[in-house]
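Here chain A shows up in two complexes: once beside chain B, once beside chain C.
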Partner chain A sequence: MSRFLSREALLAWLDGLREGGTVVVAPTLVEGVSLYRQVPVASEIDLDASVTVVSPKEWLFPASHTIFTVERKDGRVDLRENTFDGRAVLFGLHPCDALGVHLMDVPFLAEPADGSYRERRERTALVGLSCIRCRPECFCTSVDTSPDDPTHLDVMLTLVEGGYVVAAASDKGEALLASAKPEEKALSLPEPPAPEKLPTEDLPRLFRALYDDGYWGRLADRCIHCNICSYVCPTCYCFDMRDYPRGNTAERVQSWESCQAPGFTRLAGGHDTRGSKAAKMRQRFAHKFLYFPETFDSQLSCSGCGRCVRACPVNIDIREIISDLKKIGVSSVGSGEK
Partner chain B sequence: MWAAEKSRANPLVPLPATISAVRELTIDVNLFQVQFGDGGGFPYRPGQFAFLSAFGVGEAPFSITSLNDEGGPMEFAIRRVGTVSTALHDMEPGSVLGVRGPFGNGFPLDTFKGKNLVIIGGGIGLAPLRPIIKNALVYRDDYGEVVVIYGARTHQDLVFASEFEDWAAVPGVRLELTVDREGPGWDGRVALVPAVIKELQPTVENAVAIICGPPIMIRFVLAELKAQGFENHQIVTTLESKMKCGIGKCARCNIGEKYVCQDGPVFTFDQISGFLEQI
Partner chain C sequence: MVDEIRSKAKELLTDGTVECVIGYERATDGVTARPLFAYTAEEIDRFIMDNTCVHNLARYLLDRKGKPTAVVVKPCDSRTINLLVQENQIERDKVFAIGVTCPGVVEAHWGEASDEAQPRCVTCSLEVPAVYDYLVTMPGERQTRTGFPDLERMETMSPEERREFWERQFERCIRCHACRQVCPGCYCPICFVDQLDPTWVGIRNAPPENQVWHLIRAFHLAGRCIECGECQRVCPVGIPLMLLNQKLAAEVEGMFDFRPGLDAETLPPFAVFKKEELEAER
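On to the complex of A and B.
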């Protein structure tokens, strides 16, 4: 027997949570584009959303976010931290995005943890939705997840005729479902789709072998440093912190940044540790396929969502890079160019 | 089910502190003494650093140039070169700034014990080395001979010049100064730092070399030390790299997979020999 929620019952459950004070963040159409936003009412959720253009990291790690505000008064400085005291449900995550959240947890929650992220993360439950179809850029089964994988989620939903099969994937999820009142039904789950499978085995070692290869420079030649790959990526977590003054007050704002941005590593005085295009490009992929797994004793820092493939204006394709690392690495025909 | 407790301290939020004194070291380097409201600070080790905030302008990392064990206020020697350092230079004693820290691993002092120290600095790079020098003066018996080789572009760019006499007066401590360009008021050595190492030929046996300076100096000093017979594990440096967070997250400061903010800023050349082109 499975637990079943009709579409109406699902929306009623979410509205009930929302009326109880829980923020519901879900894919919703913003000028025709499906994005994760706080929804005023559950009926505005885009339940059919496939992989959204921008990942749900927007909720846990906002594109820009005030960490604190200082106010100068009578020679004193008052500092007020910006905190989140509520609760949230991040709804509609496909398994790749659940893995994306996990891959964001790994660095941000490693001590010393990022305070803003930890606060939001601890107060957010993840409700997932298994995939009924793949996009052409999807490759989640190459990176430790699959279209119906509930790992890292609190609740998993699967679309069936007339509604959803609902399953708790954690204690937090079980508690969250207390108000859902699902029906017990004998239902069979649909066969999950099968995305493209890439040769991701042994990627850190292959990367190490091609670390100094001219490959990165050739790839970087066409990068226009638009940073969109980092912004749409659910696992990219580079950030900037800047001050915005206004009269007697100033805000410190933490915001997304990209390792591809000119000036990202430039010091006052001009020295730049990754000044060349090649060094920037290698950093992006070394971080995902070499540094991250080695530093955190973890899997690759990629969720297989394919967003960067879709977004890149010059067709830099992470799937191609994975295949190239395998091809060039295995045959050991590095060009030797630097 | 939900996190019950309020947010724990966010390491990205600074504590307000006050500039208690400012001293001009060179035309573009000031020494700032910084204290928290209660007159104290936080404990720190030689080689660690802190982020200073000029609220409304921004935040940048600076090495702590004082020695915790001397008990005085925290000190930062800051060259006016970027937006934050310029804003700090515009501050007067009594001004409020933000402090986050301490960060970084600091120098492995335990491994220096009983050894001869060859301390090599260039320009403002003396700032993170000063606590090592002070430490070797305070705990003189813990170390063998101490040679400080310090160079700057001109003699007017030598920082902490008013302390040189005191350092050199301590038995077993030698201070060798050099400048890149001669000028009126300087009758000392005119040579690049690596040339001074070549000239002095410091003893390699039971020695550790500790370097801080601009990357170009580090490269040539490294080559000269190797020529003198120093092994990678005997050479320690403290690196500068662009950083925003100090807690291993923002992904700017890494040299290969090493995060300068957390794994460093102090490294032996054993640890970074594969990444020299990135420093």
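On to the complex of A and C.
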């Protein structure tokens, strides 16, 4: 037997949570563009959303976020932290985006943890939606997840005739479902789609071997270093911190920043340690396929969502890069097979 | 037609006129196009040319200053060369322009190329590149020019409606600055949003900063935007940026009878002062 929620019951559950003070963040259409937003009412959720243009990291790691405000008043200085003490549901995450959240947890929750990320993360439940279709640029099965994988989620929904099969994937999820009132039904789950499988095994070693290869320069020729890939990516977490003074107050603001941006590695005096287009280009992929796995003794820092593939204005295709590295690697450094 | 481009490109590489030819090849979706920097004859064989070839390749000349380069240009893109020569950014004799006459290109985004003309094409008045060293004709029925329907609609809005419209657009801006990166006219060594001391605007994503970013960028391009429409094409959240640029282009043309990039000789209005302008002001 499965637990089943009709479309209406699902929306009623979310509205109930919302009325109880929980913030519901979900895919919505903003002027026709699929984006995660805090929804005023559950009926505004785009339940059929495929992969949103910008990833749900926007909620846990906002594009700009005030860390604290300081104010000078009557001879003293007050510092106020910007805290989030509510509850949130991040709704409609496909398994790739759940993996994306996990891959953000790895650096942000490693001690010393990032306070404002940890606060939001602990107070947010992840409600996922398994994929019934995949897009041509999807490759989640190449990076440690799959279209129906509930790992890293609290609740998993699967679309079936007339509604959703709902399953708790953690204790947090079970608690969240207490108000859901699902029906018990005998239902069979649809066969998940099979996205393209890429040769991701051994990628860090191949990358190290091809670190100085001319490949990066040729790839960088057409890159316009526009940051789109980093900003739509669920696992790119670089940021910049700036102070915004205004009269007697000042805000310390964290904003997204990208390794592709012109000033990212510019030092005082003007020298840029990654001045060439090739070095910039390599950095984005080295972070995902080499530095991250080496630093955190973990998997590749890519969720296979394909957002960067879809959004790149000049078709820098991460899938093609993975295949190219394999091809060049096999011909120049051996297959790696023992 | 693509054969003509390929054979000219090979000739230019072989006789040493250029080191690199920038053209188009098929993207990994099998449908749209992407830029290709070709350094060898084998690479040139991958060139394509059709109405999915939307990118303004002349923008890359800024990355290849001083290096002899051939570039495939549509009429709108060709204006880039005049603009950059006039603004002393590139040397004309280092550039070989393979011009392509253009019936208009289509809306082509990852995985799909529609039959719909790009907004830049319905307002375009050029069929033949403004500058070229070799000309190729792209077949196809010329797309209907409709004037500036979106701009005209915006002009009928009240100032409040217009403000509300633009606030809504800029609200979803993610401040990736792709509009700047793709723009052939945006080549400041340090952009005003990247300056730290003083921090004029900063990279913060918030409504006031986003508005200032887009408005100052539009003003920096007044009388300089060559209307390739790349900013609007690349915007990941679909902000209709060309509306701002077209508005300013129309103002500049109305006041100074000037459109940038049509030739490299006519001095741009912001670079000259005519006594009559002072008279007109009175």
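By our rule, the second predicted complex is superposed on the first by the 330 of 338 C-alpha atoms of A that agree within 3 Å, B and C clash if a C-alpha of one lies under 4 Å from a C-alpha of the other, contacts with A are read in each partner's own complex, and residues count from 1 in each chain.
Just so we're on the same page, a contact is a pair of C-beta atoms (placed from the backbone, for glycine too) under 8 Å apart; a residue touches a chain by one contact, two chains touch by 3 or more.
Because the structure is predicted, anything quoted here is derived from the model rather than measured.
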Just from the overlay, do chain B and chain C fit on chain A, or is there a clash?
-> fit
Look at A:Asp48 in the shared chain and tell me whether it touches chain B only, chain C only, both, or neither; answer first, second, both or neither.
-> neither
Of the partners chain B and chain C, which touch A:Ala63 in the superposed model: first, second, both, neither?
-> second
Based on the superposed arrangement, let me know which partner A:Glu8 touches: chain B (first), chain C (second), both, or neither?
-> neither
Which partner does A:Val253 contact after superposing on A: first (chain B), second (chain C), both, neither?
-> second
Kindly classify A:Asp202 by the partners it touches after superposition: chain B alone (first), chain C alone (second), both, or neither?
-> neither
Considering only C-alpha centres, what angle arises at chain A between the directions to chain B and chain C, nearest 10 degrees?
-> 90
Give one of first, second, both or neither to describe whether A:Glu31 is in contact with chain B, with chain C, with both, or with none.
-> second
Residues of chain A touched: more by chain B or chain C?
-> B
Now for A:Val232: first (chain B), second (chain C), both, or neither, which partner does it touch?
-> second
On the overlay, how many Å separate the closest CA atoms of chain B and chain C?
-> 5
Can you list the residues of chain A that touch chain B in one structure and chain C in the other?
-> 240, 242, 257
Please name which positions on chain A make contact with chain C in the complex.
-> 30-33, 35, 53-54, 62-64, 135-137, 218, 221-222, 224-228, 230-232, 240, 242, 244, 253, 255-258, 261-263, 277, 309-315, 317, 319-320
Interface with chain A, chain B side, in the complex: residues 1-3, 6-14, 16, 53-60, 81-85, 94, 96, 98, 214-215, 240-242, 244-245, 247-257, 259, 278-279
Chain A-touching residues of chain C, taken from the complex the two chains share | 27-29, 32, 34-37, 55, 59-60, 63, 109-111, 168-169, 172, 174-178, 181-182, 190-191, 194, 196, 199, 202-206, 230, 233-234, 236-238
Would you mind writing out the residues of chain A in touch with chain B in their complex?
-> 67-68, 70, 72, 75-77, 79, 81, 83, 85, 87, 107-108, 110, 112-116, 118-119, 122-123, 171-172, 175-176, 237-243, 245, 250, 252, 254, 257, 259, 264-269, 271-274, 279, 283, 286-287, 290-291, 294-295
